[in-house]
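Some notes on the structure that comes next.
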């Protein structure tokens, strides 16, 4: 990409935001936290992938999915299947009646590996599957819904039902999926122990790297014509349609992209936490992920990261000291973010902090910067059904 | 020094009222006997060579259960039992002369949170042992953490077996202990020939029913239906109709949680009076805790097969029930898992004292063969496979929400987490 | 599967299974009616619907305790008092919530979803703090327990009949209220054209508040009735939320008749499949069936004009 291209992708105000976030995640946190806390941050960051996808789908496209856990789960399960196969080598599972298959299959009287598990012996296939399977699934849902102009609330509720269906299926088909316990006891990746502190550092930085890749893709979408069209569609879908655009294709694309982000997050989750279970597929985690996005500011891709970090950090600290109060705080947060500051942290930042910082920057560089982000400051335009 | 301490313990035991005294006396006696072996007051550097949170006066342990979320309903009793046991142990002078302090963490009914908190307890807090977890999923989530950081978990719930970790002591029954005796009893005493297996859809009911089915096949009897409903399902009229159609002698039920309430209420409403025992209901999932939600009148006549009931008539249990009520309120009930959770701290204390050390490796080595004569359920003993030898009892549910014990196995049943021929 | 049974046995079983389907239908209607009013008429997505139901259930629990302690002689009739109290309590809370929260969000339907989800968390924790984490057992008067024996095999649960009667009664009541009363005309006119309704002198704010309160009140009554067949605990409300929304959306949201038709279709599909398949698969297939139909016919079974 040329320098000019980079400049237009990351104008100065955005560049500063990216740099600050990078500094925080790559330098400040790893230096100031022990590996236990850093691993926690890494886990939170995996949710930020989902929140980032939601910024694009919901904030820009106006499509609220309450089933992002489905894609997070699909990505996580793909990764877990690979790791589980590696952990279930015939030597490790010699005590089973059928050595060489995952332990939960053995308990369920399966005597050979199901066909859809076979390709997950290959890391290359697994990495492809992590991105492609959820994207294709999202594509199918997207085509079925958006081509028929289902949107808004209906879409939200149908995605919720999809999450419910998948949860019941995973739990019910425990011989193939590990059931309610999920896929646990993952040990190595290509012979390398993933449970050591060293591995946790590596995965943390891998997670941060992938997050920045996704952030840049999101930034690209935001700055491109597609981003402007998405906003236009959200504001007045019919006019975009009358201007000759096929609205549904853009929606399908952004939904697939958001799902792929979520799936990458899921895979990173499996690597860092060491297991995957159906609890991440369900409705409750899916809605919680929406709140991460809302707290950060539904129009701000960096806000999604900060929102996720802040809410999860609060959740951990709060539930350590006042477990009983946690739900009150969480509930109040939901209500407050909707009623009092609908643009979330990003909105607060733009309103109070940004002017000062820009003044400061202006002093340093000697010129004023008028090109403020346009979308981020205009407030949540009301959604249309 | 040690003797003086123990003398004052006995004094303290003397102040405790009534039956509590029996329990306190017995344990204090055991401690005294052990202290003779340990001889001098153990210095911290001796009893803790692995950097656990042990000082000259205290030892820190962890309690890890869900206080919030859907599982809080079930786990509350376990937390109460573990706290009670710790308080009682402290009232007797603690473990190796050290008071037990606990750090309680909330698993929030969320499995990664369990893993996260267990890591915190082991890595940051350096606890000497952890009492906690309830569902199998939460145990599976924390297991790699305990194995990696070499912690010790005392797990209270009856569960499906198929696991034997050096880092876990399973104080509840594994599936064969609970199920085989129950089925043998209905076959022998009630002449049952046909069975309908019904459960919530997850690993414990499925494994339990698998074991039950194999056992029923072995006895030459018949399973006429097997069915699973999603967790949280609330409509059971269809399956009740199927049961009426198949007319089994026994409904073998492992429905859990809120579904339980719906199932028994609807069973009763559908005109199946469980006191007629046509069909007879045999459950492995309804403890006194669950009856609180179901309502005694809705489950009257059902039989439960487990190792402990609150109504168990022995002195240990009478003291336990009394102490529990004094601590947590009169209207509280105690179920199987609550009692198993109560065993955790006592078993740990006994193992630590036998090992003369808090080090996890030494405690593990000392654990097999540890006996507890003061257990509310009677006598228990740790098997080398880290499960407990225990008796299985059959209780008949009464309207007041208690079980009347109608049968008890003569011998302790050997735990067998990987049963041959049942997989 | 049926080879071993005589024709009369089979007939009885099918009769009973049909009845089981009808009970499920009534349960769905009761769950969904309140939501249909709130969602269909006002466009508000009330994720705390289940918690309003559980409020009704807890009120029933409290009432039963009061009757048992102070008026044991009248215990047989406490359930009616409990239902009225449940309606009042849930309705009042609903109006309070509308005043404090919902009325600021009418232009942002997706935001009502988030805010009411937050509300549901708060209510759950509130129940847990007040009533404890454990489920409470609601004791029922004797006449509601047991069943009526029609033939040797066919038995009809009394509480099933009660739920059915209640569902029909409330449906008829709502229909009368919506389509015959002056207030119903106001509600419908506000739904169709808010500025115009305001212009002809309808107090739209008041209509909104009462509509929301009515929806929540019906949820409370439903919760009260469900103490007969389900569990009452802090998180029990969550069990109903997906089913409820699907029923309403499947029926076409804006139409009360649609909600009833949809409850009928889904309940019959589910109870038939439950009879032939295992419970979990039946549930999955029912949900898939609903999602599939919604993809073919996104506006639901019955609908007013979809395009706006």
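To keep things simple, chains are lettered A, B and C as they appear, and every chain counts its residues starting from 1.
One rule holds in what follows: a contact is a pair of C-beta atoms (placed from the backbone, for glycine too) under 8 Å apart; a residue touches a chain by one contact, two chains touch by 3 or more.
On a predicted model such as this, the values are computed, not experimentally measured, just so you know.
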With chain centres defined as mean CA positions, report which chain is farthest from chain A. B
Note: of the two pairs B-C and A-B, more contacts are counted for B-C
Between chain A and chain C, tell me the centre distance in angstrom, where each centre is the average of that chain's C-alpha atoms. 34
Using mean CA coordinates as chain centres, what's the gap between chain B and chain C in Å? 38
Centre distance in Å when chain A and chain B are each reduced to the mean of their C-alpha atoms: 39
Out of chain B, which residues touch more than one other chain, so two or more? 67-68, 201, 228, 230
What are the residues of chain C that contact at least two other chains? 125, 128, 238, 280, 283
Where chain A touches two or more other chains at once, by residue number: 168, 171-172, 324, 327
Spell out the residues on chain B that touch chain A in their complex, using ranges where they run on. 67-68, 105-106, 108, 110-113, 115-116, 119-120, 123-124, 135-137, 140-141, 143-144, 148, 162, 201-203, 206-207, 228, 230-231, 418, 423
Of all residues in chain A, which touch chain C in the complex? 58, 64, 66, 144-145, 148-150, 152-154, 156-158, 160-162, 164-165, 168-169, 171-172, 283-284, 287, 290-291, 294, 324, 327-328, 330-335, 337-339, 342, 380, 382-383, 385
Of all residues in chain B, which touch chain C in the complex? 67-70, 72-73, 76, 201, 227-230, 232-235, 237-242, 244-245, 257-262, 265-266, 268-271, 289, 291-298, 401
For chain C, which residues count as touching chain A in their complex? 39, 43, 45, 47, 101, 104-105, 107-111, 113-115, 117-122, 124-125, 128-129, 238, 241-242, 245-246, 249, 280-281, 283-284, 287-288, 290-291, 294-296, 298, 308
The chain C residues in contact with chain B across the complex are 5, 9, 13, 16-17, 19-20, 23-24, 27, 125, 128, 132-140, 145-147, 149, 153, 155, 157-160, 228-236, 238-240, 270-271, 274-275, 278-280, 282-283
